[in-house]
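What follows is chain A paired twice: with chain B in the first complex and chain C in the second.
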Partner chain A sequence: MKGTVASEGLGRRVRRRRSGRTVLFHVSVVALCVVMLYPGAWLLLSSFRPTNQILGETGLIPDHTTLDNFRTVFEGIGGISFWTFFMNSVYLGVGSVIGICLSCSVTAYGFSRIAFPGRQVFFAIMIGTLLLPFHVVIIPQFIMFNEMGWTDSFVPLLIGKFLAADAFFVFLMVQFMRTVPKELDESARLDGAGHPRIYWSIMLPLMRPVLATASIFAFIWSWNDFLAPLIYLRSPENYPLPLMLRQYADQTSTSDYGAQMAAATLALVPVILFFVLFQRYIVEGVSTQGLRG
Partner chain B sequence: MALTREAASTPRVGGPSRRPHGKRPPRRTADARAGYAFLAPWLLGFIALTAGPMVASAYLSFTDYHPVRGGDWIGWDNYQRLFDDPRFLDSVEVTLLYAVVGTPIKLAAALGVAMLLNNRRGGQGTYRSAFYAPSLIGASVSIAIVWRAMFNDDGIVDEAGQLFGMSEGGWIGNPDLSLPMMILLAVWQFGAPMVIFLAGLKQIPNELYEAADVDGAGAWRKFTKITLPMLSPVLFFNLVLETIHSFQVFASAFIISGGRGGPANSTLFYTLYLYQRGFGQGQLGYAAAMAWLLVIVVGIITLIFFRTSRYWVFYSGEGR
Partner chain C sequence: MSLGRTALSGLALALAGSLALTACGSDGGGGDDGGQVTLRFTWWGADERSQRYEEAIALFEEANPDIEVQTGFAEFQDYWTQRSTDATSGELPDVLQMDLSRLLEYTNAGLLYDMTEFEGNQLDTSQIDEELLASGQVDEQLLGIPTGTNTWALHYNPDLLAELGVEPPEWDYTWEDYHAFVAEVSEAGADLDPRVHGATDYTVTWWVFLQWLVQQGTEPFAENGEMNFTEDDLRTFLSSTDALRDAGHTFPIERLDQLTPLGGFNSGEAAVEFHWDNFIHSYANDLGNENIQLMPMPSGPDGEKHMFYKPSMQLSMGANTAHPEEAAALIDFLINDPEAGQIIGTDLGVPASQGRLDALDVEDGSLEQRAIEYEQRVADEGYVTETVPRHPEGFGALETEYVEVLGNEFSYGQIDADDFVDRLFTEAENLLVTE
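Right, the complex of A and B next:
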């Protein structure tokens, strides 16, 4: 500002007004951010508070900090270690990612790269399942898996991921494959490569960005999923974190807020970590593909 | 965006299909075989996990199926009983209120903040991420626990209210405030539609606004005559998705109300009641009837959205 020539007085005034508006803009947006992030910050800091000082504490900075809450959580619940729950969540998350990346990419290849009768119809059906409420299939699925003796295992939670039941990911990958030039597989075919070869050696390596996006969302959705584990898992040693949290919320509803906060914080850490690391993929995925959180 | 268009028009996959006009039948049959081979996992999943169960659940809805006792055909009884069931009617009311009040507020917040952020003042990427973060964790059990602690008696919301002379107590135990609390939780997650709006706003050519400036149009006119029409496909997409989404809220309501949907059924969401009936009390036939009713209602609402869309959704460069 200082270096401007006097003859640019008008420009300076305009610029100053603009910079004033910019400051106002940033101040108001930051204020809004603070409101938005307040619940998260409150959770994090509450988990370091003595358990009797949590409830009515509006301020963020604790007077006394303690690690007792985390100690309680790491002691586990009902004789089962926190890490058992944590690892169950990890297994389910990793299983989902592997299943979705494999099955959805294969399906997407079939839809976008191979011409065969009925393809359009099947594609329309698949898109239709996007809008279908999950609840209409969950009761017969439960009866079926129960008959097969698969309840209380991870099978019912993962089988759909290996059978491309998440149409959204198939759709995402079809959209991506449309951007890959057809000439690429044409020339591979001339060289004698069949569809499995083209899929595996050409398409899959090219799909890395979309596989990354799908993996991130698959993992986070699996990590946060509550309804399916609630229905299928009975033994506490099979519980993933959301069911463990529910136990904290049930058993200690009035007494131990500290442990609840610490457990809730720990359950969010991987999601937050993912978000910080893969922000770009996540937000881009939402803005271009309409993926939900 | 792409999704809505895809579902609205006849989906065409993979652009122009190369068809050898019967000249090389072997390749065609080979392609067909390969095609079905590649689709096999999805087809199996579709039949075993979606289509089959949908038919089964339609059948179950006409029985009094119980996981231990089994079930008999009882005709339309479940459906008739639903409409005499006060808890069912409560759950419908709660869910509709939540969808009808919550979705517009959420979308308005999303659009408002997106427009606020859509400028060249910098920091947009950071702000966008910060506003988006709640969408990623909002449906988790952790956040439900936070909400419960914040809105409980003597929780921070209660304390803050007392500062302003309102001593309502916690929102959780108050049947008039528990649903607004759930709506606040939904609105808090406005980041996902906001990010989509922001992407849509970036697509609007700046010349339109410049031309409007030349014509002396005010901010409101620019909003209603340029922004809204140009954004209507995105708005449509968000509206459909958020509405369907709002019918399916479960984990937060379950945790906050301890699985009961209280107080006085004020947070007895449809899915929560379905769970109570089906998996709590083992009345799977009754729950199946509820599930099918939900599918029908969601189908009708989606249909209405798509049918009315031609009157208010504007696709620029629309040739079809």
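Right, the complex of A and C next:
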């Protein structure tokens, strides 16, 4: 009897201590979350403020709300509609995702499953390009694309993505494929499948989590890329959103910060949507995928 | 069987995709078919300028049906990144908006077209003041046509001054009067929330330094690109506001950093500010108040103002242009045509072309009218007596060093006036291109 009471008391105390710790944990996580989300919330709410009440204002709740900023944004810039800029960003983003998923996975398959002569050397060279900052190749690349007459088009921005020039993604996929049991390909080979078939029917379906990861990164990087479009695109009709956003705050003439906030808010929506849609694929485990396949 | 087909269709998709992209890219190259001429024209500026330009260009295309103008625009910094890549590939636009600080750099690299041959033909420059036109000339070549003028001004906020009970200075005020005025405002505004100061410390503004030098009778830069001012000049200038700084009468840098990209004046926390007179538009916009007035710079030691007009922007032609005559005609249209002038207004500065300025119909009491009247009045009063200081190659880089690096550290008290002087003179050796 006594013993039970005592152990119950102990259990309650442990539980209480544990719940106290849980509360503390959650409070601090929520506090951190608020700090992290604050700039985003400020951006969102500022887009509803009149332009001259945005800067210097640190509070969140606007005194006056207005939709004028969004109206200005939808009117476009210099006679070019907001949707033109938006669709340019979409083309570039979707193009990069398709290009990277196709080309990098094929390349990764080659590196991890085919024993061709010089594989180690080529792999090392590919990794080596990771160490090369973008700024080093920017001038020769520009001259090359310019000679080909590709400037002011999306080709220079996308061609590398279709040719597996992003070593980071190739590397990511190679590492992933190394975790896929070789027995899977071997049994496929016994059934008479060649490399194309193994790649297409065995590897690609198994690679779904890594393809999702690569897609998210590829999309976000392309969506936020500023320098490359700035250099390669000349006609405002071809500008993606990051170039458009800068137009609202020209330091030498009048700036419209309200419209900039509104445009930034609109520009964030697809990135967030894309992340929400694809993130569940990353979470799914590799092993379960292997079994189900 | 199906494995090959699926793999193939994937490959085909990728190919088709890249082909479609190539197809997208191949148009817009801009060629001439059947006598049709395509000109490329680029500028920097925000949405409003783009709208004005586009509207004016539509008129130009209407009047010249065989010329098509392809336009491009970007924000100021981005604009120059794009132009450098254009220069790399020898494809500068036929007509480009030019800034005085870049003119020499582009000229020395042989990137600009000498427009002298068009003067009096396609391009009418007779309406432009000679001193002003000379700012676009290098070695007797005409490389940039001024679109308009700017001059320095003291912007002041009459409503804020009335609230504080402080009178703005008289037009013939001196630097000492100005210091006393700033101190008076800061004292009157000490109890307000947020606290109101007189002005930001002008010694960290590059152009005020140049204006001050001109008033001392020193032309800041020699023809060979060397500096004409001495370390002592700069030290004297920097210490001229020591008393104001020590008393906390100048706008505090900590607050300024919080307000960025606004400054003290356009957030309503400082009563006055030196800047180019065309900034009245963005100041009014940021403040949400059109009641901003302009007055001239303080007088120098001889009681004169020694002010100057600067071309607000210039229009230049890329040396690689295939259609120089048409390009010159476009510049002429943008500079002189009265109808285009009505559309452009004072967005490119107070019009440089006298004919256009006279024809310009501005609304009474508007900011445009205020800027125009200010420039006319300072000219009529005989305040504008100098030409704009020379812009040697490296001028822009030196300005950035002065304002962004040294000015900032100086305002924070991380360096003193002596360090400022030492470092500016050391940097100048690297930055300025001298002959």
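Criterion: the second predicted complex is superposed on the first by the 236 of 293 C-alpha atoms of A that agree within 3 Å, B and C clash if a C-alpha of one lies under 4 Å from a C-alpha of the other, contacts with A are read in each partner's own complex, and residues count from 1 in each chain.
FYI, a residue touches a chain if its C-beta (ideal position, glycine included) is under 8 Å from a C-beta of that chain, and two chains touch if they have at least 3 such contacts.
None of these values were measured; they are calculated from a predicted model.
Colleague: In the superposition on chain A, see if there is space for chain B and chain C together, and answer fit or clash.
Modeller: After superposition on chain A, which the two structures share, chain B runs into chain C.
Colleague: Between chain B (first) and chain C (second), which, if any, makes contact with A:F219: first, second, both or neither?
Modeller: Touch partners of A:F219: none, neither chain B nor chain C.
Colleague: Which partner does A:R246 reach: the first (chain B), the second (chain C), both, or neither?
Modeller: In the superposition, A:R246 touches chain B and chain C alike.
Colleague: Name the contact category of A:L55: first (chain B only), second (chain C only), both, or neither.
Modeller: Both chain B and chain C are touched by A:L55.
Colleague: Identify the partner contact of A:R197: answer first if only chain B is touched, second if only chain C is, both if each is, neither if none is.
Modeller: A:R197 contacts chain C only, not chain B.
Colleague: Looking at the overlay, what does A:M177 touch: chain B (first), chain C (second), both, or neither?
Modeller: first
Colleague: Just to be sure I read the superposition right, which of the two partners does A:I98 touch: chain B = first, chain C = second, or both, or neither?
Modeller: second
Colleague: Contacts for A:I139 in the overlay, against chain B (first) and chain C (second): which applies, first, second, both or neither?
Modeller: A:I139: touches chain B and chain C.
Colleague: One more residue to check, A:F82. First (chain B), second (chain C), both or neither?
Modeller: A:F82 sits against neither chain B nor chain C.
Colleague: Applying the touch criterion given at the start, work out whether A:V155 contacts chain B, chain C, both or neither, answering first, second, both or neither.
Modeller: The answer is second: A:V155 touches chain C but not chain B.
Colleague: More chain A residues touched by chain B or by chain C?
Modeller: Of chain B and chain C, more residues of chain A lie in contact with B.
Colleague: State which residues of chain A lie in both footprints, the one left by chain B and the one left by chain C.
Modeller: Overlap of chain B and chain C footprints on chain A: residues 55-56, 103, 139, 142-143, 146, 159, 162, 194, 196, 199, 230-231, 246, 248-250, 253, 257.
Colleague: So in the complex, which bits of chain A are touching chain C?
Modeller: 50-52, 55-56, 72, 77-79, 95, 98-99, 102-103, 139, 142-143, 146, 149-155, 158-159, 162, 193-194, 196-197, 199-201, 230-231, 234-236, 243, 246-257, 259
Colleague: Looking at the complex, which residues from chain A come into contact with chain B?
Modeller: Residues of chain A touching chain B: 22, 25-26, 28-29, 32-33, 36-37, 39-40, 42-43, 46, 54-58, 103, 106-107, 109-117, 119-120, 122-144, 146, 159-160, 162-165, 170-171, 174-175, 177-178, 182, 194-196, 199, 220, 224, 226-227, 230-231, 241-242, 245-246, 248-250, 253, 257, 260-261, 264-265, 267-268, 271-272, 275, 279, 282-283, 286-290, 292-293.
Colleague: Mind listing the chain C positions that touch chain A in their complex?
Modeller: 3-4, 6-7, 10, 14, 17-18, 21-22, 24-26, 28-29, 40, 42, 44-51, 53-54, 70-78, 81-82, 85-86, 88-89, 91, 258-259, 261-262, 267, 281-282, 285-288, 347
Colleague: Spell out the residues on chain B that touch chain A in their complex, using ranges where they run on.
Modeller: Those residues of chain B that touch chain A are 1-3, 6-7, 10-15, 17-19, 28, 31-32, 34-39, 41-46, 48-50, 52-54, 56-57, 60, 65, 67, 113, 116-117, 119, 121, 123, 125, 127-150, 152, 154-156, 158-160, 188-189, 191-192, 195-196, 198-199, 237, 240-241, 244-245, 247-248, 250-251, 254-255, 258, 271, 274-275, 278-279, 284, 287-288, 290-292, 294-295, 298, 302.
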